[in-house]
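These are the structures in question, set out in turn.
Note that chain A is present in both complexes that follow, paired respectively with chain B and with chain C.
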Partner chain A sequence: MIDFGNPVHLIAFVVMAIGLFFDIVGCLGLVRLPDVYNRLQAGTKCVTLGTFLILLGVLIRFGFDAMGVKALLCLWFIAMTSPTAAHAIARAAHKAGFPLWKGSVVDRYAGSKEDPKGVAS
Partner chain B sequence: MDIVYVVSVVVVLVGMLAVLKRVISGPTLLDRLLGVNVIGTKTIVLLALIGFLADRPGFFLDIALAYALINFIATIAVLRHFEARFRGRASAVTEEEPS
Partner chain C sequence: MNKVLSAFVFNLLVWLAVTWTFDPVSLAIGAVLAAAIAFALRNVELEEVPLLLMPHRLLWALLYIPVLFLYVVRANLDVAWRVLHPALPIRPGIVKARTTLKSPGARVLLANSITLTPGTLSVDVVDDTFYVHRIHVPEDDPDGDMERSMGRFESYLRRIFE
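The block that comes next holds the complex of A and B.
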């Protein structure tokens, strides 16, 4: 199915390989990092970019036919919703008052007017 | 059966297993929720790759699109519930302090 002589297939394959690399690094970060805020950063930035690149590879592979447009729609939806969900999780964690990791140096949300109670870290 | 796609599927599955470890052991509810969200996102990738393996990518991309919608709505719904019930009471949902 994959034809390395075809430049379009080759570009799609390279893009998908980069996406897989970001996916696996994101999973590693999710397992290894110390608290929920750090894990959010690994678990959403890397995995969103990885998914984005893999679906972009599908789009490059097929061009703008039925499958490519479905991949584009899926890609757009991931790019919109995944950061939104991450933001909501971070906000809920801060509102519930989870403490920051002891190595964290700054918490600009605490004490801002958005913060209802001014929960310090 | 193309070896490139088989390897990709195995890599994604290994990543999902690693995240599942975080979902099971994660000290707070939000860690678990984040893990479930990430597993849902990776399921979309998995469906796209399985579509290549089954030689019917369009069909599987439909399922992936529906899965993306459900995943986002589930995360937001659980967070609404969480914010309403546990505002300012982190200790109620924390089993151990993150070190």
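The block that comes next holds the complex of A and C.
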């Protein structure tokens, strides 16, 4: 699949490797960060960029053929849906009363008229 | 009718891109599906889509993609550093920031841009007020700092939508 003598393949490989790095960091963040909000930060976005770069690597490797264009479409859908989903989860978690991590410094959302039942950290 | 037709054409183009073949059977299936989806969505209002067909707005939209991508990469490196750091240097919290953008489409894209830029996550949008969770809240003027960060995106989004 990857021919290292071919510069296009090499660039694609490097882009995919960087994407993989961000995916790994995202997974690490999911384990290491303390509460649902911080985990969403790492879990959805490092992973968005990671997956984005892997698909970009596929596009570079195959160009605009059946495989590459599918990668381009997936890339677009991920970039659009992933932040929306993260936003929905964060909002639902706050409304359901999940507290922020005890080390959190400020919560301007708690007690606002949009979320009167929300708990402060 | 016009809207259903343009939705049909758009759906068919997506189908062609996904299947990447002009095989008649595949095309027929695609046409049926595209028509069904266009008909099902006939009552969905997409009042801001025609705006994007104006050339100068489209140009700004295309310019916005690499700009956003650069911010995303830069901010991702920041989060990667925090996650990999043994001491986990985070100072999380939810801040409140106001936007000057008026159009709903621009606000949606702003909220998505904030969320895509790691370290910041839109929790709720109420009228012109954004509630944003940050992984590292700055010491002084947390709300103002967020508004300045949003300003970078707002200048582009305003040119695209307003």
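Heads up, the rule we're going with is that the second predicted complex is superposed on the first by the 110 of 121 C-alpha atoms of A that agree within 3 Å, B and C clash if a C-alpha of one lies under 4 Å from a C-alpha of the other, contacts with A are read in each partner's own complex, and residues count from 1 in each chain.
The rule we apply is simple: a residue touches a chain if its C-beta (ideal position, glycine included) is under 8 Å from a C-beta of that chain, and two chains touch if they have at least 3 such contacts.
Just so it is clear, the structure is predicted and the values come from calculations on it, not from any experiment.
Visitor: Pick one for A:H87: touches chain B only (first), chain C only (second), both, or neither.
Guide: second
Visitor: Of the partners chain B and chain C, which touch A:L20 in the superposed model: first, second, both, neither?
Guide: A:L20 sits against chain B, while chain C stays out of touch.
Visitor: For A:F62, select first, second, both or neither according to whether it touches chain B, chain C, the two together, or no partner.
Guide: first
Visitor: Would you sort A:V47 into first (chain B), second (chain C), both or neither based on which partner it touches?
Guide: first
Visitor: Thinking of the overlay built on chain A, is A:W101 touched by chain B (first), by chain C (second), by both, or by neither?
Guide: both
Visitor: Could you say whether A:A79 touches chain B, chain C, both of them, or neither, answering first, second, both or neither?
Guide: A:A79: touches chain C, not chain B.
Visitor: Residue overlap on chain A between the chain B contact set and the chain C contact set?
Guide: Comparing the two interfaces on chain A, one with chain B and one with chain C, the shared residues are 28, 34-35, 40, 44, 48, 66, 70, 73, 82, 84, 86, 101.
Visitor: In the complex formed with chain A, which residues of chain C make contact?
Guide: Counting only chain C, the residues touching chain A are 14, 17-21, 72-73, 76, 79-80, 83-84, 88, 90-96, 111-113, 115-119, 121-124, 126, 131, 133, 135, 137, 142-143.
Visitor: Using the touch rule from the top, collect the residues of chain A that touch chain C in their complex.
Guide: Residues 21-22, 25, 28-29, 32-35, 37-38, 40-42, 44-46, 48-49, 65-66, 69-70, 72-73, 79-80, 82-84, 86-87, 90-91, 94, 100-101, 103-110, 112, 114-115 of chain A touch chain C in their complex.
Visitor: Would you mind writing out the residues of chain A in touch with chain B in their complex?
Guide: For this pair, the touching residues of chain A are 1-2, 13, 16, 19-20, 23-24, 26-28, 30-31, 34-36, 39-40, 43-44, 47-48, 50-51, 54-55, 58, 62, 66-67, 70-71, 73-74, 77-78, 81-82, 84-86, 88-89, 92-93, 95-99, 101-102, 117, 119.
Visitor: Any idea which chain B residues touch chain A in the complex?
Guide: 2, 4-5, 8, 11-12, 14-16, 18-19, 21-22, 28, 30-31, 33-35, 37-38, 41-42, 44-45, 48-49, 52, 55, 57-58, 61-62, 64-65, 68-69, 71-72, 75-76, 79, 82-83, 86-90, 93-94, 97-99
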